[in-house]
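The following blocks contain the structures, represented as structure tokens.
In the two complexes below, chain A is the common chain; its partner is chain B in one and chain C in the other.
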Partner chain A sequence: MTLSVTDLRVHYRTLRGPVKALDGVSFEVADGEIMGIAGESGCGKTTLGKALIRLDTRMEHVGGTIALDGEKLPIADDGAMRRHRYREVSLIPQYAMSAMNPTRKIGRMIRDLLAAHNVRYTEVLPELERRLELVGLDTDVLKRYPIELSGGMKQRVVLVLSTLLNPSLLIGDEVTSALDVSSQKAVARALVEFRDHGFVRSMIVITHDISVLFQVADTILVMYAGHLAEKAPARTIIDEPLHPYTKMLIGALPKVGDRYEEQRLEGIEGRPPSLLDPPAGCRFRDRCPLAHDRCAEAPPFREVAEGHQVACWAVS
Partner chain B sequence: MRGYLARKTAIYGLTFVVAVTLNWLIPRLMPGDPVQRMVARAAVQHPETIAAMTAYYERTFGLDLPLWQQYLNYWAALFRGDLGTSVWLFPAPVSQVVLDAVPYTLGIMIPAILLSFVIGNSVGAMAARSRWLDNVALPVGYLITAMPYMWLAILLAWGLGVALGWFPVAGGYDFGMVPQWSWAFAGDLLQHWVLPFLSLFLVSLGGWAIGMRNLIIYELESDYANYLSALGAPKRLVRQYAFRNAMLPQITGLALQLGTILGGALVTEIVFAYPGLGKLVLSAIQNQDFFLLQGTLLFVVIGVLLANFVIDIVYVLVDPRTRTGLTGATA
Partner chain C sequence: MLTLDALDKVYKTGTFGTSDLHAVRQVSLDVQRGEVVSLIGESGSGKSTIGKMVLHLLDSTGGSITFDGRDVTRLGFRARRDYYRKVQGVFQDPFSSFNPIFKVDRTFETLRRSYFPRVSGAAWRQKLEEALGAVTLEPGDILGKFPHQLSGGQLQRLLIARALLLDIELLVADEIISMLDASTRIDVLNLLGELKSRGLGILFVTHDLSLGNYVSDRVVILYKGRVVERGATSAVFDDPLHPYTRDLLASVPHLDRTWEEVEAEESRRSARLAGRCLFHEALAAQGRSLGEEAAAGSASGTADDVGLVEHAPGHFVGCFRKAADEECPAG
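Let's turn to the complex of A and B:
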């Protein structure tokens, strides 16, 4: 397997105490798998993405391990982690529009970054140009400044740049959120293509937009309030979700052909609990139509069918 | 780039014409009559003598002509490098008087501005990554920046000049010496230079350091810095980028600072009785010397315009965003 995360706990330090953004998360991503992570704002999906590559200064690794290709990643140690970044784990950030230094030509910036990893720019250049052409960009962009590119072009440059050293794992955080639908489709296709070409072994795509995941992802992991709710192949999550939260999340999506004049689009009542002091047991309990006494105890994240894991007492 | 240069040159040319016109106009709007003052200095009582002297002086200074002709003559003389004759130091030509004062002003202003810029920015950049330095440099920086300049200058003059006696407190050189090319005179000049220089240097140092520290911290939290770090770029590379980008607003600041060359020098030169342009302006006003005042201000205007022109060009070279922005995006 490529990635294996075991009981990962990451908290945010705040003045009012630790916010438990990731509270015991375990999952695996197989070779060649594109796993999507979905969930509403604040469920811990971005925290999970950051924990895999670079914790920011407010984040604290409290427990659990991350192993990539059998090797444990020293995520709490920024200096030791540097060796793994880019070559093994890479990132397409949420802010691809402003991810490049505005005062350096793109080619020059890539040269600087490669030099820091002891890679010669001239050796990689043919491959870099080939990949730029693959995503439909002129190799001329290397001589441009980021401001001379459109948003969609920048997004594609970042995609090529982030995967240039063929990382084992690529984390894409809200890769398509800032794009219009036609660019979304192009980027989604490019992601799959990069996996198929073997530029990236496996991928984690984080988004609040499940319809994008359906196009890109092989499997989908649904998160809720710092816990995992359900993981299954993308098709299964859409067609036969088991966790009540997943069901409601999918139910909240508009469907082609449905007319919403006659019926209202259902939302999910209530709000997720505060992660500063989360309640014991199942965290979805307060909003769950199936909640019963047993839910005061946290349900295990267990396999109910081949490749289908759910954390819910109501699912057997 | 060429279109940009042409437009900038036109703008600066226009500014120059307006500045010269104002420069010519303002002394004429000031109260008092310099010719009468000169005549009064001669202390003659006879009305005919007074009339004759007044007529002579007015002809000498060209004040008997109609205003528009005076204005045109002023421009014509300007291009010949003739700035007229000083009233106060009659009959010394203004250009000579001004040129004698220029080295003193530039001698303290340029090192003070550039050194404080370089050192202040370096200290600020270091403070942005060292908590210890931050805790020391920042309060000290705020203290010197917030201190009224006049007070700081007087404090220095008192402390280092009067109390410790290390440096002389007044003059460009010892009153007992005659300007000449000798080591003794050069040493004396240097001694007199230290206090005015130091006061100007100190007062701008803190501002640069604080500004740079804040800019660097801002840049280090920007998206491109985060992205680079996530891709395993070493801190050195990220800081190098941050420093370069943080310098841009500082360069604009430097241009503004160069514009204040006269204001800064004026107070300094008065406190330390330093024979530069600032002191010349004050004397010219006090003695109602139109021509000297015009000449001095003209030099200042030319200096400020040149400095800003150079900075405009430097800015275009260092920041690609202005390049496309100002030429109307030809890319």
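Let's turn to the complex of A and C:
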């Protein structure tokens, strides 16, 4: 078992009180597993990714534990976490490709990054060049400025540099978003290849685009308003989802070939609850067609079949 | 209704505008009433530039835009106001389309001041409620709120309602759903379908093929400013001909098929079309006098560059090279 998260609670401090962005989240990611996290904006998927590596000043660790390869990660202790970051857990944040230093050549930027982690650039250079070639980039990119590369190229550079020390876990937040479909495919393919080569042991891929997850992920975790809704193998989530929210979410996605005239798809009425003061019980119940009295009590996230967990009273 | 003929746009780039960027090359297309036409292309294909030229937010460099038979390529200030009564646009980011300091009502107030100064308060209120109803919004939930209090989907539908207040005939929808969540995205798409059945023509600009496919009747595939293929949605999606269209369709992440499955199908098609160019084959077969478009193209001396031939009824395809400076694969 690579990653094990138990009852994780992370809140944001605001003037109006704590925003309960993650409220009791428990799941596991196995060795070699690429787990996708899907959900709408504000469901807590990015917060979850960040909580595994660094809590920013607004975030507060309220409870729960995270263990990586059997060792507990001290996430609430910023200084103690430093030893684990980049070497064991690595994160590609949202818009990482736009956050490269425009005044530094790519090679220089990677050198600075490695120096901050006490690694000698010349030692890893051969491996760096090998991996750049693996993702289809010329080693000349090291001598270029970020502005000279396209979005897809930059995103692949980010992928290579964030996994240079073979972390146990890589978290990729929206790594394929804001790219053209052909670059998107190249980056998604590179993710799978890096896992297959053992450069990263396990991966968490966060995106709002479920069709990309279907292509790269082994399992998909669906989140809703700070809670987990369902986790299952990717194909099961698409073909046989059990949670009403997952069903409605998948049902709202047009497949290439679906037409408005022939097959009218439905959205989901309403909006997710405010996380400042979320209702007790199942958070989807205001929008759920199957809601009944019991939903006032929070359903447990339990296994209903091999590798398939759901948090819903209506699913037995 | 709307017809673009050999539309061109050249941007000046570089220091002091010394170099040219040919963003749109000889694009011809039309949109009829009650029809959704999707402009599909990746970044840099010129799809938004075309939308902006139709909306007169950018001047065109060459070619013409006609609306109901009237040339609207160049319009003065007064004529432009009349044009906007019939043609409106909605853009990608609903949050930046509203002024965050004011309540959303102000958007409608400015519209009223500019276009309906003589409409009474009660009549305006009723008109507003009808428009909001048409986009399935509850006036009570929306009016009097600030933009940050509403969701992206609600704001986007508000902008469409604003356009509907003007009794428009054509809507330019530029990536209007890319920023929305999956669950609200489909509501906006269904709304477009509903408006279409009421006779509105929609030019739907998108990079997302599955969304383009869902509502549109016809699609136009753009690559580097050039139309490479266009036709009925089902014809283009079921039988893509141009190498670029085929690449694009093979790269789209599907929900029911893996990339491997899609690629296997695509490689069979590539094998069949390898080294060929249906455009030049058709030209050769018919002695270079084929179809009005090819003729129009050759008249201006650019047939090899940007013309299209009708491969099957209503399904047009251009020369099989990708970029304008590449060689045609058929030689």
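Operating definition for what follows: the second predicted complex is superposed on the first by the 314 of 316 C-alpha atoms of A that agree within 3 Å, B and C clash if a C-alpha of one lies under 4 Å from a C-alpha of the other, contacts with A are read in each partner's own complex, and residues count from 1 in each chain.
The working rule: contacts are C-beta pairs under 8 Å (C-beta built on N, C-alpha and C of every residue); 3 or more make two chains touch, one makes a residue touch a chain.
A quick note: this is a predicted structure, and the numbers were derived from the prediction, not measured.
Undergrad: For the overlay on chain A, clash or fit between chain B and chain C?
TA: With chain A aligned, chain B clears chain C, so fit.
Undergrad: Please work out whether A:Glu297 is in contact with chain B alone, chain C alone, both, or neither, and reply first, second, both or neither.
TA: In the superposition, A:Glu297 touches no partner, neither chain B nor chain C.
Undergrad: Would you sort A:His117 into first (chain B), second (chain C), both or neither based on which partner it touches?
TA: A:His117 contacts chain B only, not chain C.
Undergrad: What is the contact status of A:Arg85 with respect to chain B (first) and chain C (second): first, second, both, or neither?
TA: A:Arg85: touches chain B, not chain C.
Undergrad: After lining up the shared chain so the two structures overlap, which partner does A:Thr103 touch, if you call chain B first and chain C second: first, second, both or neither?
TA: first
Undergrad: With the two structures laid over each other on chain A, which partner does A:Asp77 touch: chain B (first), chain C (second), both, or neither?
TA: So A:Asp77 meets neither chain B nor chain C here.
Undergrad: Is A:Ala188 touching anything from chain B or chain C once the two structures are fitted on A? First, second, both or neither.
TA: Second partner only, chain C.
Undergrad: Who does A:Glu133 touch here: chain B (first), chain C (second), both, or neither?
TA: It touches nothing on chain B or chain C.
Undergrad: With the two structures placed on a shared chain A, what shortest C-alpha distance in Å links chain B and chain C?
TA: Nearest C-alpha atoms of the two chains are 6 Å apart.
Undergrad: Using the superposition on chain A as set up above, list the residues of chain A that contact both chain B and chain C.
TA: none
Undergrad: Give the list of chain C residues in touch with chain A in this complex.
TA: Residues of chain C touching chain A: 42-43, 151, 181-187, 189-190, 193, 207, 209-211, 213-215, 233-234, 237, 247-249, 251-256, 258-259.
Undergrad: Hey, which residues of chain A end up touching chain B in the complex?
TA: Answer in residue numbers: 53-54, 56, 82-87, 90-91, 93, 95, 98-105, 112-113, 116-117, 144-145, 147-148, 158, 161-162.
Undergrad: Considering only the defined contacts, which chain A positions touch chain C in the complex?
TA: 40-41, 151, 180-182, 184-185, 188-189, 208-212, 214-215, 238, 248-250, 252-261, 264-268, 271
Undergrad: Could you pull out which chain B residues touch chain A in their complex?
TA: The touching residues are 222-224, 226-234, 237, 241, 244-245, 248, 318-321, 324, 331.
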